[in-house]
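The two complexes that follow have chain A in common; it is paired with chain B in the first and with chain C in the second.
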Partner chain A sequence: MSDLKIVAQDLYGRSPMRRLMPLWWALGLTALFVVSILGMNLNIARIIEGGDRLVVMLGQMFPPDFSILGRIIGPAIETLYVAILGTFLGVVFSIVIGVLAAHNITPHVTVEIALKGFSAFTRAVPALIWALLFIVAVGLGPLPGILALAVNSIGMLGKVFAESIEEIDKGQIEAVAATGATPLQIISKAIIPSVTPALVSWSLFRLDINIRYSAVLGVVGAGGIGIELVRSTRMLAFDETLTITLLIFVMVWAVEYVNNKIRAFIR
Partner chain B sequence: MSVQPILSVTELKKTFPDGTRALRGVSLDVMPGEFLVMIGSSGAGKSTFLRCINHLFEPTGGRIVYDGTDISTISGANLRRLRRELGMIFQGYNLVKRLSTIENVLLGRLGYMSSISGALGLYSKQDRERAVELLIRVGLGEQRFKRADQLSGGQQQRVGIARAIAQNARLVLADEPIASLDPKASDTVMSYLHEVTREENITCIVNLHQVDYAKRFADRIIGLKDGEITFIGKPEEVTDEVIRDLYGEKGDQVDE
Partner chain C sequence: MSEGVLEYTRKNLIRRRRIARLIIFGFTVAVLVSAHGTGFRIRDLYRGIPNIIQFLTEDLLPPRFSVWRRFLGPTMETIAMSYAGTFLSVVFAAPLGFLAARNVSPSPVVMQVARAIAVFMRTIPPIVWALLLVSIVGIGPFAGTIALGLSGAGMLIKSYADSIEDIDAGQIEAVRATGAGTFAVMMKGVVPQFSPSFVSWSLYRFDLNIRSAAVVGLVGAGGLGFSLSTAVRLFRYQEAAVAILWILGLILAIEFVTAKLRGHLI
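Then we have the complex of A and B:
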């Protein structure tokens, strides 16, 4: 046999320090957790006391008061409308932004940078803040809700649409360009067909998110069922709160169900 | 009376931004109706040559004259008008995979339509009839409503041929059309390409790896090595020595 000397590094391929990486991570995260708790002055007694109140509240929730359904069904449908319109507007603008910002087909790199920056900004500002801003601009009601969801959706969809376009096999674009097609024809005949599954899938996912947001936006007065939720808790009518929560749950679940059906259909 | 070449290339040069000199001055006249095959190992510049003609790559030097017009620096609407007369067939087929077979053939008509009606896919009845007729000719009439990604490689390349012909192309540039196909599919594709371009009197430049196919179909064979033409001649003039020179000392026809 050879006189080759086998050291630990030959067996593990990494230095001992590197091998213990998972341990360092675990220690670091634990430290972060402890520091956060200490920093907040969390008081165990208060948590237990709060637990007692929670039990009382849960007791008052049952049985849920379904008599209010007739009254809240209108605002619930408004919540759906806000989500659908907000998503629709968001999708339309995001397609334009995605096409112009995708690195492989952007008219100019400065356009790409500007639009990617813009969508990063609309993404960074939460939907709730957008709603507050639009309430100031256009007044209370569903309109600021729709605008807030549209703008916030652009942040996410503009980015993922651009990325989907960047992943297209470049040969397809080249081939259509080689037939003498105009840029608009290339977008419509090579790019859009190729990204359709991603486009539909992401848009439906965003609709899902927007339904949830839309319910919350009502809390600040941007239309829909949220305001009913706030009113019931203020009046300590927790049996109504539960009914409204259940209704929101049914809406979210129904949209998710339909989404999954559509997504399975489009491949 | 002498016939004008349909394509006349003089001292064509292409240097890529990374410094690769893919073409070092290629001059070539292509006569109308010719079936020209370019052979040479990978990296010899065959693909770059074709892509410079329809400006998928911008040449860095030299002159290209197509049908009497200098197209060396053509761009914009003029380039699109040129491209619709130049059909291109790709090694990777490059069909739009999520469109149907017939839709892919119809893409060849985009250059003749207004930007909007093309984008909306408002193809005329005649265009559709022609597309079906072309698909029948390449043996895919039955498959016309199948999605392109459901076809085999050989079938996809036949759609690629139909797309190029649908352009009413006068010159077809075929870049390694059979490099990804098995021998049987290669035979079918090359036969269809040869047959259809002969019947429609379309000039054709084909890049090939396989010397045997080149000898079988070509009117003339061009040998390209390191960005320069080292051989021009009839198929029967391609001797073992020529092949050795093009593909290296060992005389393998296939690279790698």
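Then we have the complex of A and C:
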């Protein structure tokens, strides 16, 4: 019996509606795709022309111009710095927020709600939009990028830190409290040690995300390698664009690699 | 426990502690070097706060709600971009996901190639794809759609492959034992086990795409991001505030809808 027959026979045993369910889904979702594309008011001529442009662009990209490496290494390092500092500040503030917002140890339920709401807000607004706002507020340079990454990180880390504190075994806190420990001692002796692995692992994960954002902060004018990338595409110097893209790729990949090593060690 | 084992455990613990110290030391140095390299001072934080408050109270707030209607079109465009981008990446990633999964891939070479394609597509941030695509197909949502499709496919190939690798091999064996060929084994042994994670990952990607779609617009790839960056460039911050609220509302709404859908479908 052929494969098709087995599958067909199996399907035949079901009611027509159920039998064709995957087909209905596929048709519906495809129709939605067509509607989405048609609704975009596309400039078809411009897109067809894009085929030629792609060929020209690829032609200009190769070979990549590695002579600019000396010039872009500075911005690349700044990108790393911004990611590290943004993550660091994010982690520091998130620990405070996590401790105050965790349901089991929060000083008051209004504090918990306010801080969780704040995290939800900073998390939902994308990092690049924070950068756009901070540039207006504090001016150009690495500072708006650092602040944007820190604020966006707080949204995610504040939430997961609070959640990991909420998962702590109640007995551990009570045991330390029973020795007559002050709230600060309870935090440092019962809570911090049991959430450290989760905290470190999430912070590393966030560094991973932040290096990706940091690499593109320049797109909105906030320094780093992203500025070089935008400049090269504006000047149609695609051989430089390719070099910069490759450098971003290497940086992101390297941070991911080191992170995975450290995370494997922690586990 | 013998002395040797104890000694081994002790040495191992000491070694682990030493590595842990080294990692902490490394990070401390990295933070200090970064602070030095970017000229960052702690006082920048509290010196910046008045500027930020001034910007918030004088420029950004209150949002000029009267222009809310202007963002209706771009919102639809953002949703369309996200959906079309997700659709493209699912269609592209589904076959490659099978090729990249160790347990069902036709050959190790194919698997490595599929994985390498995935790493390349997802390591380059979506906004970089958008920047390149805007140079190719011009400003507008089409560039954004393709950019989301490419970076989404990178993520989905990996997620699909990982979920396929996690499925129960016994069920595949059982189907194969009935004498079924490759196609029937896929349809009856692999697909039924894989479909919940397939739906789940695809929905998650749609969720992520809404966020990315709002951002790729900043480089001219259409949607709310484009409206936002235009408003900021024209110093119309109160209109920008409305755009940000739209983005926020859209992200939260889609998150809610996909969570409901996930619960319903799986």
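Note that the second predicted complex is superposed on the first by the 219 of 267 C-alpha atoms of A that agree within 3 Å, B and C clash if a C-alpha of one lies under 4 Å from a C-alpha of the other, contacts with A are read in each partner's own complex, and residues count from 1 in each chain.
Note that a residue touches a chain if its C-beta (ideal position, glycine included) is under 8 Å from a C-beta of that chain, and two chains touch if they have at least 3 such contacts.
All values derive from a computational prediction rather than experimental measurement.
**Q** Go through the superposed model and pick first if A:A137 touches only chain B, second if only chain C, both, or neither.
**A** Second partner only.
**Q** In the superposed arrangement, does A:S188 touch chain B (first), chain C (second), both or neither?
**A** The first partner, chain B, only.
**Q** Kindly classify A:L29 by the partners it touches after superposition: chain B alone (first), chain C alone (second), both, or neither?
**A** Only chain C is touched by A:L29; chain B is not.
**Q** Answer with first, second, both or neither: which of chain B and chain C does A:T245 touch in the superposed model?
**A** second
**Q** In the overlay, work out which of chain B or chain C sits against more residues of chain A.
**A** Partner with more touched residues of chain A: C.
**Q** Mind working out whether A:G171 is in touch with chain B, chain C, both or neither, as first, second, both or neither?
**A** first
**Q** Which of the two partners, first being chain B and second being chain C, lies in contact with A:I262: first, second, both, or neither?
**A** second
**Q** Just checking: does A:L80 make contact with chain B only, chain C only, both, or neither of them? Give me first, second, both or neither.
**A** So A:L80 only meets chain C here.
**Q** First (chain B), second (chain C), both or neither: which does A:A162 touch?
**A** A:A162 contacts neither chain B nor chain C.
**Q** So, A:I146: does it touch chain B (first), chain C (second), both, or neither?
**A** second
**Q** What part of chain A is in contact with chain C in the complex they form?
**A** 1-4, 6-7, 10, 29-30, 32-33, 35-37, 39-43, 46-47, 50, 53-54, 57, 77-78, 80-82, 84-85, 88-89, 121, 124-126, 128-129, 132-134, 136-138, 141-143, 146-147, 212-213, 215-216, 219-220, 229-230, 233, 236, 238, 241, 245, 248-249, 252-253, 256, 262, 265
**Q** With touch defined as at the start, can you tell me which chain B residues reach chain A in the complex?
**A** That would be residues 54, 56, 80-88, 90, 92-99, 107-108, 110-113, 115-116, 118-121, 160, 163, 167 of chain B.
**Q** Can you tell me which positions in chain A touch chain B when the two form their complex?
**A** For chain A paired with chain B, touching residues are 169, 171-172, 174-182, 184-185, 187-190, 193-194, 196-197.
**Q** Tell me, which parts of chain C touch chain A in their complex?
**A** So the residues of chain C in touch with chain A come to 16, 19-20, 23, 30-31, 33-35, 37-40, 44-45, 48, 51-52, 54-56, 59-60, 76-77, 79-81, 83-84, 87-88, 119-120, 123-125, 127-128, 131-132, 134-138, 140-142, 145, 179-184, 187-188, 211, 214-215, 218-219, 222, 225, 228-229, 232, 237, 244, 247-248, 251-252.
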